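Both complexes below contain chain A, partnered by chain B and then by chain C.
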Partner chain A sequence: MLQALMPLLVDGLANAALIFFVAVGLSLVFSVLRILNVAHGSFYAIGAYASVSLSLWIVSAGLSPWLTLPALAVSAAIVAAILGPAVERGFLRWTYGRPESLQILVTFALFLIFEDLQKLVFGVQSLYQDAPVQLFGTSEIGGILYLNYQLVLIALAVLVVVALRLLMSYTRFGKLMVAVVADPEVSQALGIDTRRVYMAAFTLGVFLAAFGGALASPTVGVAPGTGPEAIVLAFAVAAIGGLGQIEGAALAALVVGVVRVLAIYFAPEFEAVVPYLVMLAVLLVRPYGLFGSVRVRRI
Partner chain B sequence: MLVLRSVKARLGGVLVLRDVDLAVEAGRTTVLVGRNGAGKTTTLRVIMGLVPLAAGRVAMAGTDLGALPSHARAAAGIGYAPEDRRLIPAFSVEDNLLLPALALRLPSAERRARLDQVYDLLPELKAMRGRAGGHLSGGQGKMVALGRALMVGTRLVLLDEPFQGLAPALALAYAEAIGRIRSRMPELALLITESSPHLLDRIVDRTVQIERGEIVRDTVPAA
Partner chain C sequence: MRSPAVAFAINVRVKYHNTFLFRASGTQSAEANRNGCWPGAEGYEGVVMQVWKGLAGALALAALLGHASAQEKPKELGIGVFTFMSGGPAAYGMPARNAAGLIFDGINAAGGIGGVPVKPVYVDEGQGTDAVVSEFRRLATSGEVSAMIAALSSGNCLALAPIAEQLKMPTVAWNCDTHQLFLKDKYDYVYRANSSTIPEFVATALYVLDKKPDLKTVAIINPDYAFGHDAAQIFTAALKAFKPDVEFVAELFPKLGASNYNTEISRIMAARPDVVFTNFWGADLENFVRQAAPRGLFRNSQGVLSVGEAVLQSVGSQLPDGVIIGVLGDGWWQSPVAEKNAAAQKFVADYQAKFQAYPVFPSFKMANTILALKAAYEKAIAAKGGAWPTAEELSAALDGLTVETLTGGLTIRSEDNDGLVDQIVGVTAKSDKYPFPVIGEMVRYPAELVTPPAGTDPIAWIGSLDKDFLAKLPKPGSAQ
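Here is the complex of A and B:
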């Protein structure tokens, strides 16, 4: 059984790693800006489109395929640098302190706009460029062949958890973010320019989602529907972990990844619904998620 | 140094400050007294930019503060200790104190000097510097909020109801701390709101009474 489960498990964890990138950004934006961004999955899709376009161009221009690796991060950074400030300054800031229903409507409108813009810019056919996966090759462990790229994805997710924790605990920006999460008003009175913290935190959230999408693009074709699928799963993962929890999002992604693998093995017809069944079960027992609590807003 | 002229402010559409004229001088301790709901806290929040000015003018050393966002007022040297403390629970006492220095990008020598001064003025903070802000008693939290305000407030410090809810011994310690601040920082302007001002009797230079959003009495006790 282990022989059959192991490849599934690597596959499931690699998928979980990608969803973690979206979920942790969603969580971060929620705790700093106090907005549940329905359009967050769109950044995943746009990151994927940007990365696949850049990779296709690199390959067609006859450049070294190794350039497609930095292109993954570069395309996410470009997407974040443009869309982060534009969306936060242009739209979200007008909704701060307004009713949640308005915030959901505004971000839902953004989601619809982004969906159509993607079709307009990238068309409706599936785009695919797997140079990064090819470059990493495969390894054989115990007679089973693994895609090294998937192992890299899992390692990157672990790295991002550690990096975010270090950012929060030891850097100026991280500490200012923690203060703003705890008390935005007193933060202002103590000299924190909260507008900049909001913009920077949102841009970081966009980068994480876009990076997740960019990393996903060499493993699957990018087509319309990528964004909605990402946001729904990311919502489930963020809710299971507790909104605003970095480690919570990581653990939740892990749980969802493993449960999906078990479902594929034992009851394939349930694969698509198990993340939400887990979410239902967790929220019934712990309404604020595994790591969440009502009073203490952590990040 | 700080001047409020015909200040009006609304909370949720209700005119809470109807006509506030106030002058706070450098090197002086001004106490704003009044009943609950008279507008003391709102006055401090208007000075800090946390409540928008509906009419009138707030200026410090000739500079109009009205157009400045809150964080820029802190940068201009105004420290604020809210009544409910509002420490960052996840931060240690020392990190709470250092937060404004971090926010204002003070050079590390300056940061160190201000922290040392705060520890000097409030030695009890040094003893609990490693404890989490969320694990302090109300009185200890007030001391930390005072220290944090001193980290920013090089020209003006606003203390909102500092004695509210303090045990008598702590209230005394707090009043002594204010006395030390007064003598060690001779140029600092202090504006304190208080519903029971007797604890400040010895250090008050000026008492201003506010009622229903208006200044009704402004007295300078005879020396």
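Here is the complex of A and C:
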């Protein structure tokens, strides 16, 4: 019995890890800036492009393939360091306190611009570099071979949830963010530089999106269309978890991941729609998501 | 280029739109009378009207005659070429685009078609069917092109065919394989210069039956749209025709472009099928191979990649020997026929020199389609004693055309405008010469054997295949 269930469990967790990385940055940005960032999918795709480009360069330059592993995080950090402050200071700050429709339109415009910029910079064909997957090899679980890279992603997802929780609860920066989330006006009155907190939080969100794209790229490659696909799933997961909830995003990713796997195993014709059926069911019962609430803004 | 007679007639028609057109039929005359265009046919006005009617009739006749007989030779021949040049499908579409460029350059270097240089206009199918349809309409009505090579996607072909017919634009399908294209609708301007899904996947099934005569269980994983579902239906019908007790243990249809198939791979591996069939293509197939091969899917089960030749150079090195590889036609650059053809070998060498890769079967589908269109132009020009053909005459030349291609032969049969092309299938085999596997144990199924007769229900035809049919087929390895 356990033998038969193990593949379901491993596939469910591996799926959930990938989905979590797509959605967590969106949730974080919403919790701090109260902006539904449609351009989030673009950061995911740009992170994937940057990571593949860096890895391809490492391999073609004859450097150790092990360098492609730190390249995943480094490329995401570079993307976040450039685009995070530029987008937040250049565009988003003008929309704070404005109607939500305006914020969505601005981020949607950014999304469209980034989609075209990606084609200009990275071309229109799919790019791919699987050195990180090959480094880890495979393991047999429940009679089925899995890529160890899939297991690494599960561990990394758990690590990111714990790291974000520690960041929020035990670091000065995290506490400042929590304070700004709870009451931006009072925080400002107490001397907190809310502009810096917004910029830092948005940059962290961009990093998480780009990191998600970078982690996915060794198994799936990257091509035009990666961004739009990511944003649709990210919205569904963030809505199920409750927008702005990190643990909510993790739980929602787990639910969606496992339900998707169950669908593929037992009712494959529903695989494409199950994330959205779960979203529908959760929102009908809990309109603010699993962890969301009407009044209290939490992080 | 329009003839002066046609141009004048068009000007007159535009200028006198309300009058000229309303005189064309009785009902419209009545309507014109109601609108006050023609107050009556009495006295002086009646004479003027008679003269005008005669003039209009003469102009219309001149326009018709001018259009039919004095088609002026253009300064350049515009041809619309539709393929995917962006997104995941570009992995399949770009080798065709590259081939088109090379073939057109070669044609122009040799003096063009009928002495007219060719100017291809490329359209990216990656922009979606709506945009593809608009672009087709724009090109067809602008006078920029005289023929179309369209399209890669079966969905786009199904959308474009009625429009091509309506606009009387000679259109040759270069890749779209759906057998639905000519199943119900009859066209005068739409032809296919390659085979349909029926011979392609029947051929794959026949090869599987030869290589795995004892197969009992099969898993299918295809993209979730017409091409994937059609292939599953055809492959299933062909296997069932000869092995009715074969069991399908998994039938998965992830959405096109899903990119991550790891769960599906686990699901298939858990079912432990004898055979895993897929007709993934482009980046989807590359991703599937990259994810499935390291997990041992093709070592535990007999892999069948029916579009596999197109990715041998990109991901083939990850495949073990013996995975069944389809070519969807005869476009394999190392087939005995292609190796004996000097033009094909020159094309391969030029392609390799320019793109640092060897042409894949989509490259040959495109190249062969262009050569078929060129042959049709030449046939039409010869039939007209050297004069430039009209759209109708070009279409008539495509009807029943037989042409020698780079990789074999092509006949566009008259009954349904469909192409007859041999089918090559084989298995992956390590090569001493190349860093990727080549096709071993090759078989070349003759087109007339694996293509259902025009007008028959293709699935019923597959169901009617019997052991006598199998006895007529060449065996794996016979085309090495």
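Here is the rule we go by: the second predicted complex is superposed on the first by the 286 of 299 C-alpha atoms of A that agree within 3 Å, B and C clash if a C-alpha of one lies under 4 Å from a C-alpha of the other, contacts with A are read in each partner's own complex, and residues count from 1 in each chain.
Throughout what follows, a residue touches a chain if its C-beta (ideal position, glycine included) is under 8 Å from a C-beta of that chain, and two chains touch if they have at least 3 such contacts.
Since this is a predicted model, take the numbers as computed values, not measurements.
A.B. asks: Looking at chain A, which partner touches more of its residues: chain C or chain B?
C.D. replies: Looking at chain B versus chain C, the one contacting more residues of chain A is C.
A.B. asks: When the two structures are overlaid on chain A, which partner does A:Glu185 contact: first (chain B), second (chain C), both, or neither?
C.D. replies: The first partner, chain B, only.
A.B. asks: Share the list of chain A residues that count as touching for chain B in one structure and for chain C in the other.
C.D. replies: Shared contact residues on chain A: none.
A.B. asks: In their complex, what parts of chain A are in touch with chain B?
C.D. replies: Touch residues, chain A against chain B: 172, 175-176, 178-179, 182-183, 185-195, 296, 298.
A.B. asks: Write out the stretch or stretches of chain C touching chain A in their complex.
C.D. replies: Answer in residue numbers: 85-88, 90-91, 94, 126, 224, 250-255, 257, 259-260, 262-264, 266-267, 269-270, 283, 286-287, 290-291, 294-296.
A.B. asks: Inside the complex, what are the residues of chain B that reach chain A?
C.D. replies: These residues of chain B touch chain A: 48-50, 69-71, 73-75, 80, 82, 86, 88-91, 95, 99-100, 102-105, 134, 148, 152.
A.B. asks: Would you mind writing out the residues of chain A in touch with chain C in their complex?
C.D. replies: Listed in rising order, the residues are 4, 7, 10-11, 14-15, 18, 119, 124-126, 128, 130, 133-134, 138, 143-147, 150, 216, 219-221, 223-226, 229, 260-261, 264-265, 268-269, 271-272.
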